[in-house]
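One structure coming up, written as structure tokens, with questions to follow.
We just call them A, B and C in the order they show up, numbering each chain from 1.
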Amino acid sequence: MKREKKAKRIKRLSIVFCTLVYVFLFLPISVIVVNSFNATTTKPYMSWKGFTFDWYIKLWDNTSLLEALGNTMIIAIVSTVLATIIGTLGAIGMYRYKFKGKGLIDGLLYIPVVIPEIVLGISLLTIFAKVNIPRGMLTLILAHVTFCIPFVIFNVRARLAGYDNSIEEASMDLGANRIVTFFEVTLPVLAPGILGGALLAFTLSIDDVIISYFVYGQTKTYPLKVMESVKSGVSPDVNALSTLILVGTILFVVLTQGDLFKKKSS
Amino acid sequence: MGKIVEIEGVNKIYGSNHVVKDLNLSIEEGEFLTLLGSSGCGKTTTLRMIAGFEEPTTGTIMVEGERVEDKEPFERNVNTVFQSYALFPHKTIYDNIAYGLKMKKVPKAEIKERVYEMMEMVQLGGFEKRYPSQLSGGQKQRVAIARALINRPRVLLLDEPLGALDLKLRKQMQLELKRLQKKLNITFIYVTHDQEEALTMSDRIAVMHDGVIDQLATPTEIYEHPKTKFVATFIGETNIYDGCITSITDGVATMTLENGAVSVKCPEDFSLLEYATISVRPEKMRFATEPVEGFELEAQVKDYIYVGSVLKCIVSLPNGNELKIERLAGQELPPIGSKCYPYWNIDDAVLIHNESHYIFEALNNIKLA
Amino acid sequence: MKHEKTKHEFRANTLPALVTVGPVTIIMVLLIAVPLIYVAVMSFCSIDEFYNVTFDFTLENYVRLANVDYLKIYAQSIVIALVTTVICILVGYPFSYIIARTKSKKKKILYMLVIIPFWTNSLIRIYGWRTFLGSSGWLNSLLAGIGIAKEPIEFLYKQGTTILGMVYCLIPFMILPLYTAIEKLDSSLLEASSDLGARPVSTFLEVILPLTSSGIFSGSLMVFIPCLGYFFVSDILGGGNSDVIGNLIERQFQSGNNWPLGAALSIILIVVTLILVKIYQKLGGDMDSLGV
């Protein structure tokens, strides 16, 4: 009886504690969502002036914001695709072949993961300035590809750790050449790691502020657009757009990972 | 029947590691040849060179009379059954078995027919839609064999294919493999470290040791007439005596040992004062309670161990070396601790050249010079 | 013979190695190694009266780094990072433990709920805090509404607010590795420990903590280091009263226009990072567990 009471108390305490953490995590998001329905029209758009859907309509007139969102999507998609291809090939090559300077590349890969983003940002800024690459879409994509590659590589490498080399030998033994073997065997077996890496790269790319902040030139991304408006007060149409994006991503996850939310999950 | 695989003067060197040393081996069509040896002896490397996963450092490999060292694995008409099975985890059993035919662009209808036929042959009917992770070890093994055999290779390479199975299943699969090999009349090159497996299945065995084939012969020959000390000790149990040939009369040599002297039948290529080794299987050993003519060997009975129909006697020599002697159970035995006199029928012992002889010889030559 | 051999070697090894590792090597060298070396070189350069970088060797930038005002900010930055890391451990550890060891079928959903907030842009979420905490913000309205505070309380522009923002931005980097480490823990070890007479506290200290310390180490590294550079958090919530080293660098490269000085400041961050990574490796940390 005593033990049961104690266990119950611990359980209740755990639930309260976790709930508080979740409240902490979701508080600013609920602020954003609620504020997107705020009827206020005076900066800094903080005090509550009643409920409205206006911002969801006005949003579509804010062309510079929509353009920034478009830029973000283009950069995220292009750099995810590039980083995924380069990273996957790199991970496989580094796993399989021995060559001089492997340790060096390995070391370089850890830099974007551990070093503060601002250092990466300014170092790219200085080198782009030095070789006169005009800052814009190209520099943004180069920067994003650079910091995404290591994350793809680490994900694929984790998958490679349990990888049995002999399945490739088996494929070649059965008459498939190297390229066919790569597409028939290597790629499908590594697919979960590659997808995980790509998803991480995409997430990092759309959320990046700091590195983009130093290399954007005239091409503003959505986070940079937000940064610009922070000083004067983020207008509720930005909140409205953020709310839409959030709802979109949650729907995407529920649809693709639907089994997560089913009652009988294995 | 012609030679289907011919290996000539093949060496394989990884950095400073000489794994296969000047290997020569020809394999007859339709034979079951086993490469037997402990790990690191070069047997798997040899197999991988035939398959094309490794390239010989020097030497030539011919398959069906054609040189293949420069051919990629996918260009060779040999198939491999891997130790780890190497089944494609993302493909169904059907797709795994169909893989080789798909690569050869065989028409779909024919693939289907041949896959089902093959699945029946290895008793996997009904498993086509499953994935490798849903099968037991023995079933995976069958898929691996089916996947290789469906391509109708002239030579099938098997790299310790039964290593991961439990004893009972292994025995069963040994017989099944042998049956398949005879039925399909395909040359099998089989790598194993299990001497019992090699003796049961093979037409010929190549015992490998340190990158070199010590002996290539039929199982009986290998067991009864080992050519080196390594072969004698690696295959089956045996008793080993090192000594010096001190007299040869009428084809019978007397060899002086640390603990006495024994007699052994002496082939012509052994000479007086040669350091040599005698190997006697436990079932060929005898012991008496009185000294036996031709043998000056005294020992003490240490222990008796019952192993079903036979009785293992452990006797120890004055220098502490132990001998194993098998006797049929039920015979009268001297008590433990008592003296006994080991001997054998001189036809039952095998005389083997001893590597150390050549060292002594070389040392003597140096001294003389 | 010799020629054919190299051809095979080329097809089997050299070509595939080049195709696979070539692109990543080019990018890592040109966009990581070269820029960082260039920053290091620049930190020894001077600027002319038009703020152009001139390649005269000087140690002046490093001398300026020892300025008292700067030293204060380094100290402040390290304090903020340290406090943030400690809070992340104290909150993140029990939280991860409860989530990872819950028997509930909703475990995966609980895990996803940690990640979902991070699909909204971090700047917007930090701004959400500002909206909540500001003098005319929601918390003050609430407090005034229920009559606790007559005058609006200023929550913003304090070190505490910056730390709150840092914890908010970085706590998932603590929770996720901890979750992984705790989930791997074999519960029969805990049963064995209590079977051998250990009380829960001893079990925690003797078994659970050592087996999950890898998660704490990698989490701490991934929280502490970014803290030194997240200039936008202190910009939005700290309002110039709680600058971190990142703010100093950002100013030199954007408004201050003294790139060599900014480069020298970045070198400090690089050195701190290297030292922490070395300590992490000494503690047995695995570099690969940082990125996934």
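To be clear about the criterion, a contact is a pair of C-beta atoms (placed from the backbone, for glycine too) under 8 Å apart; a residue touches a chain by one contact, two chains touch by 3 or more.
Bear in mind the structure is a predicted one, so any value in this text is a computation, not a measurement.
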Problem set entry | Per Cα centroids, the chain farthest from subunit C | B
For this session: Can you pull out the chain pair that has more C-beta pairs in contact than any other?
Result: A-C
Exercise. Subunit B to subunit C: how many Å between their CA centres?
Worked result: 59
For this session: Report the inter-chain centroid distance for subunit A and subunit C in whole angstrom, where each centroid is the mean of the CA atoms.
Result: 15
Exercise. In angstrom, rounded to a whole number, how far apart do the mean CA points of subunit A and subunit B lie?
Worked result: 57
Problem set entry | In subunit B, residues with contacts to at least two other chains | 72
Problem set entry | In the complex with subunit B, residue positions of subunit A that touch it | 164, 166-167, 169-177, 180, 184-185, 188-189, 191
Problem set entry | Complex contacts: residues of subunit A adjacent to subunit C | 14, 17-18, 21-22, 24-29, 31-32, 35, 44-48, 85-87, 89-90, 92-94, 96-97, 99, 101, 105, 108-120, 122-127, 130, 142-143, 145-146, 149-151, 153-155, 157-158, 178, 196, 203, 206-207, 209-210, 213-214, 222-223, 226-227, 230, 234, 238-239, 242, 245-246, 249-250, 253, 260-261, 263, 265
Exercise. Can you list the residues on subunit C that touch subunit A in the complex?
Worked result: 13, 16-17, 19-21, 23-25, 27-29, 31-36, 38-39, 42, 91, 94-95, 98-99, 105, 108-110, 112-114, 116-129, 131-132, 134, 136-138, 141, 168, 171, 221-222, 225-226, 228-232, 235-236, 246, 249-250, 253, 259, 262-263, 266, 269-270, 273, 277, 287-288, 290-292
Exercise. Which of the residues in subunit B end up touching subunit A in this complex?
Worked result: 51-53, 72-74, 78-80, 82-84, 86-90, 99-100, 103-104, 147-148, 151
